[in-house]
Structures are given as C-alpha cells and as structure tokens.
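Two complexes, one shared chain (subunit A), two partners (subunit B, subunit C).
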Partner chain A sequence: MLRHLRVVPHLVGIHVRTYMEYRGALFISWIAQAIGYAGVYASIALVLARFENLGGWSWPQMALLLAFHLLAYALGASLSFVQFRDMEEKVRLGTFDAILVKPIGTWTYLAFSGLNIEYGGHIVLAIGLMAWALASLPLDWSAPLALYFLAAIISAAMLTAALMTIIGATALIWVRSRHLFSIYFGFWELARYPLNIFPLPLQIMMITFAPLGFLAFIPTAVVLDKPVPILGDLAGPASLAIGPVFVLIAMLHWRYCLRNYQGAGG
Partner chain B sequence: MGVMMTAIIAASGVSKTFHQPKRFAGLRGALKGLFNRDYTEIHAVTDISFTIAAGEAVGYLGPNGAGKSTMIKMMTGILVPSGGALSVLGRAPHSHRMINAAEIGVVFGQRSQLWWDLPVRDSFELNRHIYDIPAARYAENLAYLSDMLAMVGYLDRPVRQLSLGQRMRAEIAMALLHDPKILFLDEPTIGLDVVAKDAVRKFLSKLNRERGTTIILTTHDLQDIEEICPRLIMVDEGKLLFDGEVTRLRAALGSRRRLTLTFGTDPGTITLTTATLTADEGAAKHYLLEREDISLLDVLGELGRGHGLKDIKLEEPDIEEVIRTFYQTKPTLAGVSP
Partner chain C sequence: MKLGAYPAFTATAFQARLAYRNQVWSSVFGELVATFAFIAVWTAAFADRGSVDGVSLPEMVTYVLIAGPLLQWNTTPFIREVGDAIRTGNVTAYLLKPLHYPGLLLFNQLGNNAFEQVTITLPVAIVVALSVGLLPPASFAHGALFLAYWAVSWSMLFLIATVVSLLAFWVLTAFALDWFLRGIMAVASGAIMPFWFMPAPLATILGNLPFAWVSYYPSAVYLGKLDIPAAFLHLALGLAWLAALGGFLAWLWSRASRRLVVQGG
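Take a look at the complex of A and B:
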C-alpha cells in the first residue's frame, strides 16, 4: 500500500507533463470552463434578482450552495470523471488489460494517472464565489462548524468520486456505461437547487437512490441552519457519513466488477 | 534453449466460458433482446493442459478466435478461468494479480503501454517506480536494452514521433526493465516491416538464450515461431491440438514436399504413382510427394527417359505449409496429438 502511495506523485507528474505538451489548450479549457459556469450562475442570479429568493434561499445563500456544489464536484471528478467516463473505450480497445498487468491497484493507477487538472478553472471559480458568499452571510462561525464545513466538502467530493467509480466499473461487465453518466448528470443539475423546491418523490430519490442531495444542498443547509426535508436533525451526521459509506460501496463494486471482468473479446 | 528447470506455468484442464446475451436479427430482434434474459455460452478455452518450464520459449498458435489471447489473459491475471487449475510461478495469477504482475512482463502488439505524448524515457521512468526497480539495476537494464534494441537514438523522442518498429522495440524494452521471469508477447510483430520483424525476432531469441527469460508468444506469423520458439502449442476452437517441438511436427507432417518438373516442350499429362499431380502448366508440372519414403530417384525412375526433362525443383515444406497441413488434417492425425 505504501509503495502504491509512493508511485502516486509519479503518476500525477507524468500526466501533468502530458498536459504541458499542450499548455495553450489547457489554459483555454480553464477559461472556457470558468466562463461556462459563471454564465449559468449569472442566469440563476438574474432569476433570484427578480424573485428575491428560491425556495426560501437568498442569492448569497444560493451562491454558497452553487460554490459548494462546484467545489465538491470538481475535487471528486478530477480523480474520477474522465477516467471512468472513458472506461468503456478502455475495455473495448483493451487498454484496461494493459493496466491489469501492472503491479499496482487499478483504481489508483486510473485515478491518478488521469488526474484532471482541467478542473482548475472550476476550483478557482468555486473558491472565489464561496469566499464572497461566506463574507456576505451572517454566519456564526465556531470551530466545530468550520470543521464540519471542511469535512462536508471532503465527504461530498468522496461521494462524487465513488458514484463515478460505481458507474464506470459497470463497463467492466456491461462494456457500456456512458448512459449511466447521463442519468448522473441529470440529477447533478437538480442538485444545484434547494431540495425543498422539488416534489417529495424527487426529494426522496435525491437522498436515497441518487444521493446527490448530499453533494451541496444538505451540507449547505446544515451550515446555514436551514430545515432539511426528510432527514431533519440527521442531516449533519448523514452528510459526513455519506462519502465514506459510498467509497466503501464503490470499492466493493469495483472489486466485484474486476473479478467478473470479461474484456470485450479478442 | 536454456537449461530446463521446474515448471513455472502449469495449466490443468483450464477452461474459459464467456456468457453473452442472446442476440436476434433485425429491429424486432433487437427489441426482443432487450427483454430476453437468455445467454449464449462461448467456450473460448476448453480443457487445456500443459506445463512450461523455466527458460523455455513457447509459441502459442491458432487461427482467429482459437482462444490464444484468452489463454494469455488468464496467465497474466487479466481474466479468471471458468474451470481447471492454472498456476504461474506457483500462484493463481488472478487471485495474486499484483504479485504475479511484478514477476512477468507483457507486451501487447496492438495496444501500447507507452505514454503517447512523452519521450520514451518518461514511460520507462514511470515503470521504474511502479515496479520499484533499484536505480543501479534500472540503469544497467536500460543500457543493455537500449543497446540490444538500438534505441539510444530515440529514447528522448516523444512516442508519437516513432515508427511502429521503434515503438515495438520500446514496448519490449519497457516490459523487460524489471527483469521479469516470464515475458508474454501477444502478436509482437503484427504490422511490422521485414527489417523490424527481424530485429525483434533476433532480440527475443537472444534474450531467451542468454538471459534464460521464459517466452510465451502468440502470433499469426509462423516465422516468429520458427526463429524464436523451439516448442509449439497449437489450439483451435479453444481446444489443444498439438503440444511439442516444432521439429516433431515437421517430421510428422513435413513429408509433403513439392516437386516441379520442367520439360523442353509439353509432354502431355504424366500421371505417376510416386507423386500426385497438383497443377499442369504444360511444360511445367507440379507434384506433391506425400510419402517420406519416396525419394526423388524413385520419381525419376518411374518417369523414365524420353520426356525431354530440362529442370527439377524439389522444395521442402516451410512451416506455414506444415501448419496448414496440420489444420487441414487434424481430425485424422495420430502421433502428433498432444
């Protein structure tokens, strides 16, 4: 295990060097991604300017929710999205086989040799928006609250990486898994808004089957001391537990899929 | 061939069955397939047994879909066998995938393990860390392999700028940097030109002889087998057809020599009991000598004088023909079966 951790900086290093071969494209991608998200947030801000709040959430509160959503997603997805979105190609073309013959954990190799630094734009935008929102909100900060806030971001990032892993791993058995990413991103879009604006069945869905309510809404609501539908007082501990629990599920699922991997023929 | 030691690969009744959802023709069939949960069993490998000793060089041969790659994937820990027992270096490869991977090298002819945009040396350096190769050993092996495979001139060039032959040599070198006990090569000469193929074959043969690295090679190119592997395992439809030395196969099947008799003018059809006429081009007639005990003198004796014979050409069968003969006659063969 320690040996694998020692390899991680080299995996990241070689991938970053690959990016640096096309550094112009990297800068453009950072700027494009940040502009894209800023545009979406501007449209939400405009709607809020007209209606003053959304499900009882003001613009600074919404800004915190959006920033949390983007930061947790970017941290988790940088380790997982592109890597596991492309799993079906890796299986189909046999490049996954080439990873299986290396003396290193396949997840470790995939995640870190594909660490996506294109999420830099997301992270800068999210931190900037978060700093503005936190400065604009009258929050009563304490050490436990600050710790909760940081832990909740890590837990949500873990949830993101775990869900991507679970979806990507299915390609090891079904060969195709991209359609599952479309479902994920459907719920991911909804997770940008307060859960209470949706009908009850959808709220239940986003806390259970597609738990993206935990990506931003639930931890932000806990920090802002707002009511959380269905979970109530359990929202705080649940939002901290969800990441590790899903990482465990993802590990089991990953191992099961590896054991039952059949390749794509040939 | 290196000194024979204990078996380092042992396959006993190994099978691999893939389960594929049943498919139906046409749009209606595709819709039916959505709700049909029946599966078809594809027997890629069926009850295969063999042992390979340390230092051997073995060619694993078969037509497309014969189960060659599936067997290699099981030996390298990529796939789990459906039945039987498989041991590589004393371990079940899949359940000890990482330990197994540290002691083997794998080269895939059709998929690169090098980093496309970076210099060859960067991929080698990454493998140094992944395989935890001591610095001195790494430097020694890099120098040896760069020299043997003539890579010194392009170690610092991005992989994308290399020719296929250069890339394949780099792939082989990368698979050997950690001193693997076994080198698996899945069609390593595919797509290479004659010169590049020759360089790869010579190197692998030398590696096996001088370093005693066990080599397991799948290929479609029979010259690979002839130049690298004294032993041949032949499979078809997932089943073992032949396991033994190439010379034994040639001795059993190699009597089908080709004889061409060229005459001054067309003497008309000449039928012989000692040779079978396979093509008649008038002045040039082609025969097949199917029995080993028939000599050229026997044929000429039967032919007799007076036909204006100008030239005789007798060709020993090359390995391609031996193999072709084997696949054509496999159901009736005795004595060369495993």
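Take a look at the complex of A and C:
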C-alpha cells in the first residue's frame, strides 16, 4: 500500500509537467471555464435581482450554494471525471488491459496519472465567489461550524469522485457508459438550486438514488441554518457520512466490475 | 461538388446517430431533468405572483422549453469535433475532397439536429406538455413567424459555432473557445433569463447582439411578446446578422484554409 502511495506524487508530477509544457493553453482554459460558469451564475444572479429570492434563498445565499457546488465538484472531478469518462474508450481499444498489468492499483493509477489541473479555473472562481458570499452573510462562525464546513466540502468531493468511478467502472461490464454521464449531469444541474423548490419525488431522488442534494444544497443549508426537506436534523451528520459511504460503494462496484471484466477488443 | 449531393451528409449523420441508442434514452432523461429544473426555478420565482412584468408562469414554462431544448442545441460536440480535426490534421482529408468544408459541417449538423429534435426534444416536449402544460403560439401569424425565426435561430447558432470552431486554426485549441461561447450564450442568448426580466440597459445591449436571435426573439415571438410589425422588423435584423456572420465565415474560411500547416501525419 505504502509502496503504491509513494508512486502517486511521481504520477501527478509527470502529468502536471505535461500540462506545463502548454502553460498558455492551460491558463486560457482556466479563464475560459471560469467565464463559462460565470455566465450561468450571472443569469441566476439576474433572476434573483428581479425576483429577490428563490425558494427563500437570497443572492448571497445562492452564491454560497453555487460556490460550494463548483468547488466540491471540481475537487472530486479533478480525480475522476476525464479519467472515468474515457473508460469506455480504454475498454473498446484494449488500452485498459495495459493498465491492469501495471504494478500499482488500477484505480490509483487512473485517478492520479490523469489528475486534471484544468479545474484550476473552477477552483479559483468557486473560492472567490465563496469568499464574497461568506463575507456578505451574517454567519455566526465557531470552530465546530468551520470544521463542519471543511469536512462537508471534502465529503461532497468524495461523493463526486465515487459517482464518477461508479459510472466509469460500468464500462468494464457494459463496454459503454459515457451516456450515463448525461444522467449524472442532469441531476448535477438540479443540485445548483435549493432542493425545496423541486417536487417531493425529485427531492427524494436527490437524496437517495441520485444523491447530488448532498453535493451543495444540504451542507450549505446546514451552514446557513436553513430547514432541509426530508432529512431535518439528520442533514448535518448525513452530509458528512455520504462521501465515505459512497466511496465504499464505489470500491465494491469497482472490484465487482474488475472481476467481471472480459475485454472488448484491442 | 454539386449542392444536391450535400443532403447525403445529413442522412448519413442521422443514420450514424441511430447506432448509439443508449445515448438517446440517457439524453432524454438528462434533458428532462434539466428542463424540469428550470421549470421549478421559475415556479419558485413566481411563487404566488400571477404575473411579473406582464408575463405569466405558463408563459415562462413554454419559454423554458422553446428557448432551451428546442432552439439552443449543444454546440460542444460540434466545436470539439472541428477542433480535433484541426489539431490532428484530419481536416486535410476534407480539403482534398471536392467539397466545401463549412458546407459539409452545415449538412452534417442538420442531420445531427434533426435526430436530436425527433428523439430528444419531442419526447421532452410531450412529457412537459402532458405534465405541466405548454401554450400554443399567441396567434396563427405569430406561429407562422416563429417557424421563420426557428430557421434563423438554427442558422445563427450554426454560424456562431462554426466561426468559433474555425478560430482553432489560429489558437489550436477548441476547448477554451467552447467554454468562452458557453459563458456568452448563457447570458446573451436569453435561454436562461429572458431579456424582459433584465435591467433595461443590459436588455437593450443584448437585444442588439446576434446571440439574441438564437433563443430570446424566437421565443418572444411565439409567446406574442413582439407585435407583428416588430416581429417582422426583428426578423429582418436577424437576417442582416445572418448575412454579416455568413460573410465573416466565408472570409475566415478563406484565410484559415490558406494558413493550414499540418505537423506530423
């Protein structure tokens, strides 16, 4: 295990050096992605400027929700999205077989050898928006609340990486799984808004089958001391537990898919 | 190459998409979820208000479907495909053939969009109509004009996406260009927030840019928010923008095809 972990910084270093060969392109892609998100956030801000609130959430509160959503997603996706989106290509072309024979855990190799630093633009925008929102909101900060906030971000990032892993791993047995990301991003879009504005069946789905309610809404509502539908007082502990629980589920699914992988070409 | 041969690219693109049926049901599901998200946002925004600035909630629900899934097709695969062809040098294969590359892109994209409208937008529209309700056009004239606006909207987005993707000849990456366009379209097309809810100075500026003809003006005409003379005037303005963008694309393509240097092979 330790032997594997010692390789990780080298894998990341090699990948980062590759990006830095084209640092102009990397910098432009950071700016471009930040502008891409800022356009959507500006539209949401305009809605709130005209309608004052959305399901009881003001613009600074919504800004915190959006920033949390973007930061947790970016942290989790940097370890997983592109790597596992391309799984079906690896399976179809047979290049996944070459990864299987490497003397390192397959997931570890995939996640860290492809660590995506292109999410830098997401992270800078998210932290900037979060800093503005936190400064604008009259929050009564305490050590437990600050710790909860940090732990909730990590848990939500773990949830993102776990879901991406589950979807990507499915390609090992189905050959194709990229289409499942369309479903993921459908719910991911919903997770930008307060859960209480959606009909009850959708709220239940966002907490169970597609638990992206935990990506941003639930932890943000806990920090802002707002009511969380269905979960109530369990929202805080549940939002901390969801990441590790889904990591375990993803590990089981990953191992099951690896055991049943038969290749698809080459 | 004769113009009559190009529709074959449309048919091929349509048939190629049929091969990936899994993508259809997952795209329908993803689009449904996203559409209902926006419907929920507007339902929450209107809350107990009957209408805001003369616009009712049923009108906004209809606006969500028209301005989003119907008119604003996903330009990302298109831009990235052109970008990849330029980056890998595969674009040279098209240059060697007796065809006009932007023309090929146009007919190819028509096939892709026809497929998406039939297999994704239509089921989403039926589900939304049956569950939430969709309004008919404000009048027969508005409905007829909407069809003309639809053609302008599609052509406008195609020209914008093609101009943006051809810039990859100079910057060699379509990835960043795609994200820039997404950010601009989110605000300037009116797909998320119609201009009638925006502050007047901003709405005036955005209303004169070509992006407004992609989502805002066609949806506004369908809902009768522009009277008939104003709708004709804006249709003419949209056509003028189309002519300008078409001319710019022709100039850009002539420059791009002359400056191409393929590295490797």
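Definition applied: the second predicted complex is superposed on the first by the 264 of 266 C-alpha atoms of A that agree within 3 Å, B and C clash if a C-alpha of one lies under 4 Å from a C-alpha of the other, contacts with A are read in each partner's own complex, and residues count from 1 in each chain.
Just so it is clear, contacts are C-beta pairs under 8 Å (C-beta built on N, C-alpha and C of every residue); 3 or more make two chains touch, one makes a residue touch a chain.
The structure presented is a predicted model; accordingly, all values stated were derived computationally and were not measured.
**Q** When the two structures are laid over each other on chain A, which of subunit B and subunit C touches more residues of subunit A?
**A** After superposition, C is the partner touching more of subunit A.
**Q** Could you say whether A:187 touches subunit B, subunit C, both of them, or neither, answering first, second, both or neither?
**A** Only subunit C; A:187 stays clear of subunit B.
**Q** A:261 contacts which: subunit B (first), subunit C (second), both, neither?
**A** first
**Q** After the superposition on A, what does A:46 contact: first (subunit B), second (subunit C), both or neither?
**A** second
**Q** Is A:93 in contact with subunit B, with subunit C, with both, or with neither (first, second, both, neither)?
**A** first
**Q** I'd like to know which partner A:38 touches here: subunit B for first, subunit C for second, both or neither.
**A** A:38 contacts subunit C only, not subunit B.
**Q** For A:232, is the partner it touches subunit B (first), subunit C (second), both, or none of the two (neither)?
**A** A:232 contacts neither subunit B nor subunit C.
**Q** Who does A:10 touch here: subunit B (first), subunit C (second), both, or neither?
**A** First partner only.
**Q** Quick check for you: in the superposed arrangement, does A:102 touch first (subunit B), second (subunit C), both or neither?
**A** A:102 contacts subunit B only, not subunit C.
**Q** In the superposed arrangement, what residues of subunit A touch both subunit B and subunit C?
**A** In subunit A, no position sits in both the subunit B and subunit C interfaces.
**Q** Could you list, by residue number, the parts of subunit B that touch subunit A in their complex?
**A** Spelled out, the residues of subunit B in touch with subunit A are 18-19, 69, 73, 76-80, 94, 97-99, 101-102, 104, 106, 108, 110-113, 115, 117-118, 122-123, 125-126, 129-132, 158.
**Q** Flag every residue of subunit A that touches subunit C in the complex, lowest number first.
**A** On the subunit A side, the touching residues are 25, 28-29, 31-33, 35-40, 42-44, 46-47, 49-51, 54-55, 176, 178-180, 182-183, 185-187, 189-190, 193-194, 197-199, 202.
**Q** Once bound in the complex, which stretches of subunit A touch subunit B?
**A** Residues 3, 6-7, 10-11, 14, 17-18, 21-22, 93-95, 97-98, 100-105, 259-263, 265-266.
**Q** Can you list the subunit C residues touching subunit A in their complex?
**A** That would be residues 20, 22-23, 25-27, 29-34, 36-37, 40-41, 43-46, 52, 171-173, 175-180, 182-187, 192-193, 197-199, 202 of subunit C.
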